[in-house]
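Two complexes follow with chain A in common, the first pairing it with chain B and the second with chain C.
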Partner chain A sequence: MSTYVDRSSKGKIKISRPNKGQLKFRMLIIATILFTIAGFFMMDYKGLELWPAITGTLVNLRDMFLMPQLNQITLGSAIWQVIITLSLAFLSTILGAVISLFLAFGAAMNLSKPWVSQTIKTFITIVRAVPTVLWVLIFAIAAGLGSVAAIIGMVFHSIAYLVKAYSEAFEEIDEGKIEALRATGSNYFHILFHVVIPQTKSFLIAWTFLRFEINFGVAVAMGAAAGAGGIGYALFMSSGFYYDMNEVGMITYMILIVAILLEVVANKLKAAA
Partner chain B sequence: MNVETLTRPDNTAEKKTQEVVFPFPEEAAQEKLSVEDVPVIMEIKNIDKSYSGSSKVLKDISFDIRKGEVLSIIGPSGAGKSTLLRIINRMIEPNSGVIRFQDKDTLNMKGKALRHMRTDIGMIFQHYNLVDRLSVFENVLHGRLGYKSSLQGIFSMYSEAEKEKAVEIISELGISEQIYSRCDELSGGQKQRVGIARALIQDPKIILCDEPIASLDPNSSRIIMEYLRRISREKDITIIVNLHQLDVAKQYSDRIIGLNDGSIVFNDVPEAITAESINHIYGSNLEELIVE
Partner chain C sequence: MEKSSSIHATDINIIRKKHMKLFITGLILLALIIVSGSITNYNHIDGLASIPAALQWLFANMYFSGSTLSRLPTVLRLLWETILISIVSTTTAAFFAMIFAIVGSKRTSVNGFLMYFAKLVASISRNIPVVAWALILVLSFGTNAATGFLALFFGTFGFLVRAFIETIDETSGDTVEALKATGATYPQVISKAVIPESMPQMFSWVLFMIETNIRSATLVGLLTGTGIGYLFDLYYKQLNYEMVSLITLAIVVAVLIIEAISNLIRREIL
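For the complex of A and B:
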């Protein structure tokens, strides 16, 4: 019998020997399951009548998704509001992408000096750690609640996101291609525009579009939270003010259609690049 | 009869390769004068190089480079061949020494002067190092960027003369059918020819080749080496080539430099190479090496 084999207390052979990290992870999973079960027993169910709650929710869902219709606003103005929200997202993505491109050249280790790269990376990590909504509210102190604060906040967070994505794409570039152009006597800008950008173009487009989709979602939320207008504000009015579930459903469908269209366009563009 | 029908396709294939290999006018290919008559274009003196902390990669390297010669650098892996090649166009800075190129000391050059010096030295690589999402044409024109200002370069403002020169070089190298193809659609041999075209359009005095055939099949390797030798003969451009294949070095070079552990242990014509000198370069006997 081999002495290399571990046995359980009952003498059965173990087929793996977990290391310290795996043991910790196992403890974490067990603790999470225990707390979740304990949590159910500690909740306060006093005011809740289960059956009316379930039926009420189902009725609301039916009103929203099976009987969507616009009551407070016309279809034309709803579409106009969607366009406003799209514009907010578009503007903040474009501004963010242009600024990010240049910051990412500085942040990429292979195109920049180590201290410049470290400074930019630290800065954007801090910016990214704070949620977009908080940035919008911070800028609202100076710009007042509205679309200006929303766009500045969204640009800020977009930059933090895109600089990381772009600079990581740049760092993947084969060092040999840069060396080849340096050997022809090309300068820094030639290398950026003739190696770095052509080689990473499809990544840049993919990341920018992903951020555009995120910004569209954020712009909907900002319409309500920061008074930036657009379809988000209409959604807030029909749910919180008029309690009109049919209209909430209609607006949700409109947002969904726009999101799907964006996805389709993004894939087409990526294939073309 | 049977044999003849079998060999005929081979003959035509051979002929086609010949057309690809020898696109330059035949009469231009003349034998060279003896080495001593040819002017020296670069003097390399007492070059030392060590990477931080480690032992010396190159120790007291001195040799002359003559106009239009094919110079092979051979030696075991880690002998410092690639470092030596990159010191010639200052992609790597040596710790001490002197390099005189066209009566100028290249090691003191900065900025514009350095870029200008690099336009006189082309370089090709084992892994070709093309921007493979761009076309063959665009990659070849990259060889002109060294002559451009930042703005001219960023907006690809190449003159008609430069474009015509590029088309001419591309057709000389037998890749004109692929001129608008993306470089990731090419075979290895074709990619290396694009690399040669990018070096040639620089109008260089020297072309540095870092293991140009290490990733190629034997036939493509032969085509590339033929091209390099013909470039040196017909355009009077010096070819300096790092090689792992001893027999290729013997067949194609005018002179061989043997490098072992950062020092030059052999520097002579290929005919002078003996079993003893091979032992010096590679540190083992000829019978123990795979020379093919």
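For the complex of A and C:
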């Protein structure tokens, strides 16, 4: 009886053959790489001179990070702008979290009817598909550019994100606990406030804080792009208006410090959940 | 009798304490909402009133006239450019992120110094907001695709390093140890255990990042004057709200299609 040995082109014996799923995955990776290479050639580089652009950016980066300095605004007002941005992020997170909590009760499969859940999930997917900056600008048509439009726009996106996170946490609750409470004749709200929320509390807090961290970045962006004020607007002014790289550097450092602090807290909360 | 009633009393005390704690937390949150509301001049009633007004406006502008529809090819071309930038920047960032994640994960790191260095670079790169990258890069690179590509690249890179490190830590514990026990060399461990084990999960993160980046690309485009974001800004400032609605609709459809495709791929590979 002859044995069949599969050899590679170098004559080495192949130990394992990829199965169908692995082959598919390999094709996917190759397709992605090919698309990326093709994509580089398809992009529009009109008016780009690569070498001066790179050296120019490096000079700017050096001015920013090695010589940070505030010129147009004082340190006190810069810190106040950071507080404004934090407040924007906080307000949109907390308002979004409260609304999301109730929507997530409806979206979680085990706490709600299928059609309610499906409706909320579809609504959320569409809300999430619109970029935050477009929401903010759309609300700005009704409310004028400023904090109201920025916060409502950010709330919309926070809801889209948090409802998904919350409802997935709710769906993982042990069905037996809910049934036990139902058997005692508890009503819907008893189940929500005595099983669902206590069981998932640490998850909810971790996700909400994670969203707060994201919203800080978004609030900076909205300050720059949608006139929401705060440190983002100061960044936009010092780079696009004054071309003051040293000030851009100082502002970037301030944003960086706040963002890293938020990330550390978010990681701690996530590890505890 | 005496004893049971005393237990009962402490029970009440626990619940009362719990309610007290909840009440105080609520009060602090309420105070923070009021304080931050006054810092940012946010008016809750104006905010609520703007929601129906904006939505009504959005749908009222959805009956597109002929002149609006004739610009659809331009919208689609710039939308395609934006999608292209977000996909290419994500995949390129993923390649570099994989190298940094292998160096940065404690299971596969070469030495401690490199590990912390990789983590530091990633942390700086993701915590500088994409907006800041865009504003810095546009000064030298000007308004073309390279600016958007690089701005998205840096943000994506930092995020993916964090996600990939978590993936490597989660998936490849036992296999790495098993291979090390057979005397496999470091490159063998990486190429035969770490990468195959964590690749599907990593690809799923890449898909997630592509979805996110299409939205971020709109923002970057708005700031740097490229892609669909620029077009939105242009018509927004001209108060051509039909075009604004059309562009918004086009972005929504594009994002939904890409989400559907990536869900399909995820179901296949995970």
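Keep this in mind: the second predicted complex is superposed on the first by the 208 of 273 C-alpha atoms of A that agree within 3 Å, B and C clash if a C-alpha of one lies under 4 Å from a C-alpha of the other, contacts with A are read in each partner's own complex, and residues count from 1 in each chain.
Note that in this section contacts are C-beta pairs under 8 Å (C-beta built on N, C-alpha and C of every residue); 3 or more make two chains touch, one makes a residue touch a chain.
Remember, it's a predicted structure, so these values are computed and weren't measured experimentally.
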Discussion item. Just to be sure I read the superposition right, which of the two partners does A:Ala183 touch: chain B = first, chain C = second, or both, or neither?
Written reply: first
Discussion item. Contacts for A:Ile84 in the overlay, against chain B (first) and chain C (second): which applies, first, second, both or neither?
Written reply: second
Practice prompt. Return first, second, both or neither, reflecting whether A:Thr57 touches chain B, chain C, both chains, or no partner chain.
Written response: second
Worksheet entry | Which of chain B and chain C A:Leu256 touches, first, second, both or neither | second
Worksheet item: Touch check for A:Met43: first (chain B), second (chain C), both, or neither?
Response: second
Practice prompt. Could you tell me if A:Val195 is touching chain B, chain C, both of them or neither one (first, second, both, neither)?
Written response: first
Discussion item. Applying the document's definition of touching, compare chain B and chain C: which contacts more of chain A?
Written reply: C
Worksheet entry | Where chain A meets both chain C and chain B, residue numbers | none
Worksheet entry | For the chain B and chain A complex, residues of the former touching the latter | 89, 91, 115-119, 121-123, 125, 127, 129-134, 138, 142-148, 150, 153-154, 156, 195, 198, 202, 208
Worksheet, complete the sentence: Within the complex, chain A is touched by chain C residues 29, 32-33, 35-37, 39-43, 46-47, 49-51, 53-54, 57-58, 81, 84-85, 87-88, 91-92, 123-124, 127-132, 135-137, 139-146, 149, 199-200, 203, 215-216, 218-219, 222-223, 229, 232, 236, 241, 244, 248, 251-252, 255-256, 259, 265, 268-269
Worksheet, complete the sentence: Residue positions on chain A within touch of chain C in the complex are 21, 24-25, 28-29, 32-33, 35-36, 39-40, 42-48, 50, 52-54, 56-57, 60-61, 64, 83-84, 86-88, 90-91, 94-95, 125-126, 128-134, 137-139, 141-143, 146-149, 151-152, 217, 220-221, 224-225, 229-230, 232, 235-236, 239-240, 243, 248, 251-252, 255-256, 259-260, 263
Worksheet item: Inside the complex, what are the residues of chain A that reach chain B?
Response: 174, 176-177, 179-187, 189-190, 193-195, 198-199, 201
